[in-house]
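There are structures below to look over.
Note that chain A is present in both complexes that follow, paired respectively with chain B and with chain C.
The block that comes next holds the complex of A and B.
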């Protein structure tokens, strides 16, 4: 992966031209579907990274200190996502039935009009971003400052703040799941849906972190991170592929059994026609392949295997979101120039950002009081 | 006999102590070069790098666990598939008899069960050879140190041969202290063994005590059946007394001189008289739908969903329900059906007690539909052509 800022700018601008054309040629609905897809995809990556950082402080984990800078850098993706999220609000009156005037005629939706309507929807988005940015500022900015100050007090502060950050994260990702994804079909609901999204978010953050570590190591940086650390990341990915499928299947099985009309239609839409192929592909990419690829002890330490598993994990998460969002309007999966333009724009933009934050702070959290313990970590 | 055997067995291991884990790790390569026997270490806590230093092979347990885990999943799938689709197919919740979705939780559970049992029992019995009391180290002087703060390295006999002098020299050259030569303890005869006797005695005592306590508990405390809400709810049970009515009966006689709606007694007294009955329900779409429901709910288990007399019950149901699509029953008058529903016949119980009259007649209409559907004439098709 060679990150070259100039080329990335080119790709992003090309994508920008493409997505503008999408709005006017393919129509606003297609535009907003794609926009929401990429917004949620990058948001889950950023939030998952923030979760990793907060989790480390919360449970005083030591092994992960040497790699903490990576999720810290990735979680700064939240900053460019603020405008992306604001723009995404434009999708609400177009895609979200609960926020449209017809909703009042529907008894089910009329009762939830206040919650689903644009004003409160926007307020929730704003509150979520405020909470996350606060967590970002305390945990990530504090950690960057500690590089210079070497103040061990930061570790204490971060541990005190971590439980609150977890609340922000937990409530926030549930709101993201309910508002942006299941809000597309407000008659359908599933309590477990937030956890389902969380599983995908955590997996993609782990994969992103792993890829960044391997990328930096490929350039001779981060030599201190050893196979033992990689093993833990690989182990987490392994465990959470199972978690994701457990949650996904539990949700499916309960709905399949109960067979309630307002619940099963959601699955019916998503298993008919071309979507069935997507489900199967997703089951393979999101569970079967990574599960078997990471089953043995050696596999979780082998850089090359981890490398492709992490890439395919990210792809699987994107596919998962695509499968959650697109069937709302598309009876069959679509992949054409609008989707490609969006991929160029958002991937280009995301890589540009990652390229920039790659140099954020030292590669190791050098001021951290527990860095030494983390470096000494052995399996 | 035991003592003779012990003498012929020779030294089983030579063991030396080290003061630190590092000293142990450094000594291992030196001792290994001597190639005197299998190396083993005993330490108070796990030490990183020991596996590599000893050049231990990977435990075969992982492979065994994977195989057994998948076996567990397959067994669960086969078991459930056979039970719910082959041996006793019962439609539940409108799902197909073989619904893999419903099987997954059990497959998952059995997979975990097989895997954990294989891991636990395999480790204990196959790899650690569990019913093996008296490892030589247990009766050594060194054991106290090993369980506290000493690190032991032992050279163990491989194939029955070990040169104790050479091993002692090698260990002390590598820096070991308190070197001991250990021999295999005599294996206790199973039945003589005080351990076995004591263990069995302990189990017997524990059973007696637990049984006695249980007995006392049952006598002392009122028995609390678990989860009895359904059984104990306030309701009328047939043939049970009830305080709800004055006469103390759960079941009440109908008010004299009245009949429940829809349950008027049948006029005819013989089957021949009944043959003259005419179906009072008009043949409307609504009545046919009602008939389908009544038939599916009340008759289809025995007479088959198509009315062909093939029950959806297992072979254990031995009776031969009438085949409605046969010549005889196509010609039979409605009254014969009505008589059968009200009076029952041999293995067919009467349905009159809880099947309202209109449902009976509607079901008969529906039987006619089934008969027609399976004996359609070419002209039927033409009639329905647009």
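The block that comes next holds the complex of A and C.
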């Protein structure tokens, strides 16, 4: 597939026209559901990428140095997501019952109405973005600058900053999970929910990184990245599909077993009608297929297989978020022109951004003190 | 090595061994311990631990003969020290599996020197853990009823009970850990067999070495089997303590029914296990003069893992507290208030202080490399993690939905006796291991000696 800026602009603008029509024709609720879905999808991709970068510095990983520029580039998606997130706040009074005045009459919501209300909600969004942008600036901008300066002091600074970045990431993604997703049904609570979203975010970032590496290699770039590096990326995807399933199963099983009305109602909504098919599809896409596809050693090094697994992994993450968000208002899964318009708009926009940042810095972090060690990595 | 010199000092990777270590000197150093007569201090140490274990066994005998009424358990605190100790010991075991299996898969080479010891601790810890459910059933000679088997009374185990899942999870864990450990030992036992001149040791090592000759085909199969077992053990690290957490989380007891329990228990287990490994390793390193193989760097990275786990524990506590409020569920709220201000509020605060506050000292390099501070943290974590299970189990049970059923729990002398007895048993086993088998996997350390790994293809 060729990333042609002109074509992408066309797609994005077509999508824009479509989503404006959604607002006025299909109604604001449908519009905001889609908006939140795509906002959270791209946000988790960007945050997961930032997490990958921070993780490398935190644990002094060497093998991943040659591919680090890719998650660094993907994490810059955070920048266009700032306005997307600000606009998404428009969804709060429409979709989030805790932020509506009726909440004060609800015994379960009155006590936490100030937390769920728009002012504090917005403050959390702002604080999260500030923290993430700070991390982006230290880790990613610093790394880009190191291309020129070749100063090993950046590695020292990044290593010192990485634990803090992890705190920003961990608390931030928990807030995203609780505010944007579980806040849609504010009576429902599950304290594992932040970890569940983390698993999806990390998986989508790994898949995005893998796809971009393969894409660049297809154009003759990044020749230094070997099968050994791809193997590790594939191994991580394999491990974290299992992790995601483990977390998802733990939450489901514990709620199913205890059968408490305030908890199971959430799953009941999501397993009724057409949603059951979505659950089954998600189980296949998010766990069964990638698990068996990547089980063997050779599979984790085969470019073609990694390619389709990574695509299906991203699709599975999107499907997961769709399954988390849409049943709030939709008794059955919907996929019609509004959803397609949003897909055109956000995918077009995201690809436009990726197209731009594809040239951000050198393909390898050439100034990194550990690049040589990373390139020497062998299984 | 030459690239390293251009780096700032903090970025340089320390060597994994200190001084000149050759394959020969390594064998002489490590394999000599099983061949020598242990020093007096070892006899003194094992006499003490064995005495404690014996006292514990005495209390167990008293319990079995009299009935578990001699414990402090009451209604509604039906579960107390027995389950606390069980969870505590299973948790201690997790560090060994993490080090030997997960760090192996992540190719963290520093694990090679400490994996053998940590894994042995896993096995002994699981043995100690298994003791508690066994005596809690009251009639340990009927414990085989826990297994589903055809019988004339048509009795069948309840497959929906997480307690039964525990039976399978823990026994699988024990079996795989033991196999993994033994597999790694085989080449070392073969070396012992070839070195020993003792008449009665030779046949024992010969049998245990299962015909290992170090042939190329042996190594090929060995590596494959080791990797497969590591993969299986990796899954078990997550599954065992998750299943243990299901014992609590599937119930309706406020403070137990938390969806975060499975990963939170796993993290806590690794946390407690690493603290125990650090403590025991310090003693082993000093008393057996292994400073050149278990370096300051090893201890420092282990302390970093403890710090990381402590932060994750902090996250879990935060989520529990937040959920107690966010759920607006009065029972959950009541349990949480009990943790910080009830009769056992001191235990709640002790848990938080030991598990989240004190380990923050490890942010400082000086604390990560000084025996005083790291022992302080490790002891704190061990105490804190025991009390965490106390908090979860006793505080949640002693006041649940019906105020008319509330009751204070007080442990008895027998409870404490069995707890300390299990500590005695654990350290006795560790001491025996340290003198009977090689405490460091010499074959694995040979693989990380300078020059052992080809740099380029």
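FYI, the second predicted complex is superposed on the first by the 379 of 379 C-alpha atoms of A that agree within 3 Å, B and C clash if a C-alpha of one lies under 4 Å from a C-alpha of the other, contacts with A are read in each partner's own complex, and residues count from 1 in each chain.
We take it that a contact is a pair of C-beta atoms (placed from the backbone, for glycine too) under 8 Å apart; a residue touches a chain by one contact, two chains touch by 3 or more.
From a predicted model like this one, the values you see are computed outputs, not experimental measurements.
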{"item": "Clash-or-fit label for the pair chain B, chain C on chain A", "value": "clash"}
{"item": "First, second, both or neither for A:191, with chain B first and chain C second", "value": "second"}
{"item": "Contacts of A:84 with chain B and chain C, given as first, second, both or neither", "value": "neither"}
{"item": "Partner chain(s) touched by A:257 [first = chain B, second = chain C, both, neither]", "value": "both"}
{"item": "Which of chain B and chain C A:369 touches, first, second, both or neither", "value": "second"}
{"item": "Which partner reaches more residues of chain A (counting touched residues only), chain B or chain C", "value": "C"}
{"item": "Partner chain in contact with A:265 - chain B first, chain C second, else both or neither", "value": "neither"}
{"item": "Touched partner set for A:296, first chain B, second chain C, both or neither", "value": "first"}
{"item": "Touching partner for A:378 - first (chain B), second (chain C), both, neither", "value": "both"}
{"item": "Residues of chain A at both interfaces, chain B in one complex, chain C in the other", "value": "253, 257, 378"}
{"item": "Sites on chain B touched by chain A in the complex", "value": "48, 62, 66, 93-95, 101-102, 104-105"}
{"item": "Interfacial residue positions of chain A with respect to chain B in the complex", "value": "249, 252-253, 256-257, 259, 295-297, 378-379"}
{"item": "Residues on chain C engaged by chain A in the complex (per definition of touch)", "value": "3, 6-8, 10-11, 13, 235, 238, 242, 246, 249-252, 257-263, 311, 315, 319-320, 322-323, 325-329, 455-457"}
{"item": "Of chain A, residues touching chain C in the complex", "value": "60, 107-109, 111-112, 115, 152-153, 155-156, 159, 163, 166-167, 170, 174, 178, 189-195, 242-243, 246-247, 250-251, 253-255, 257-258, 260, 262, 369-370, 372-373, 376, 378"}
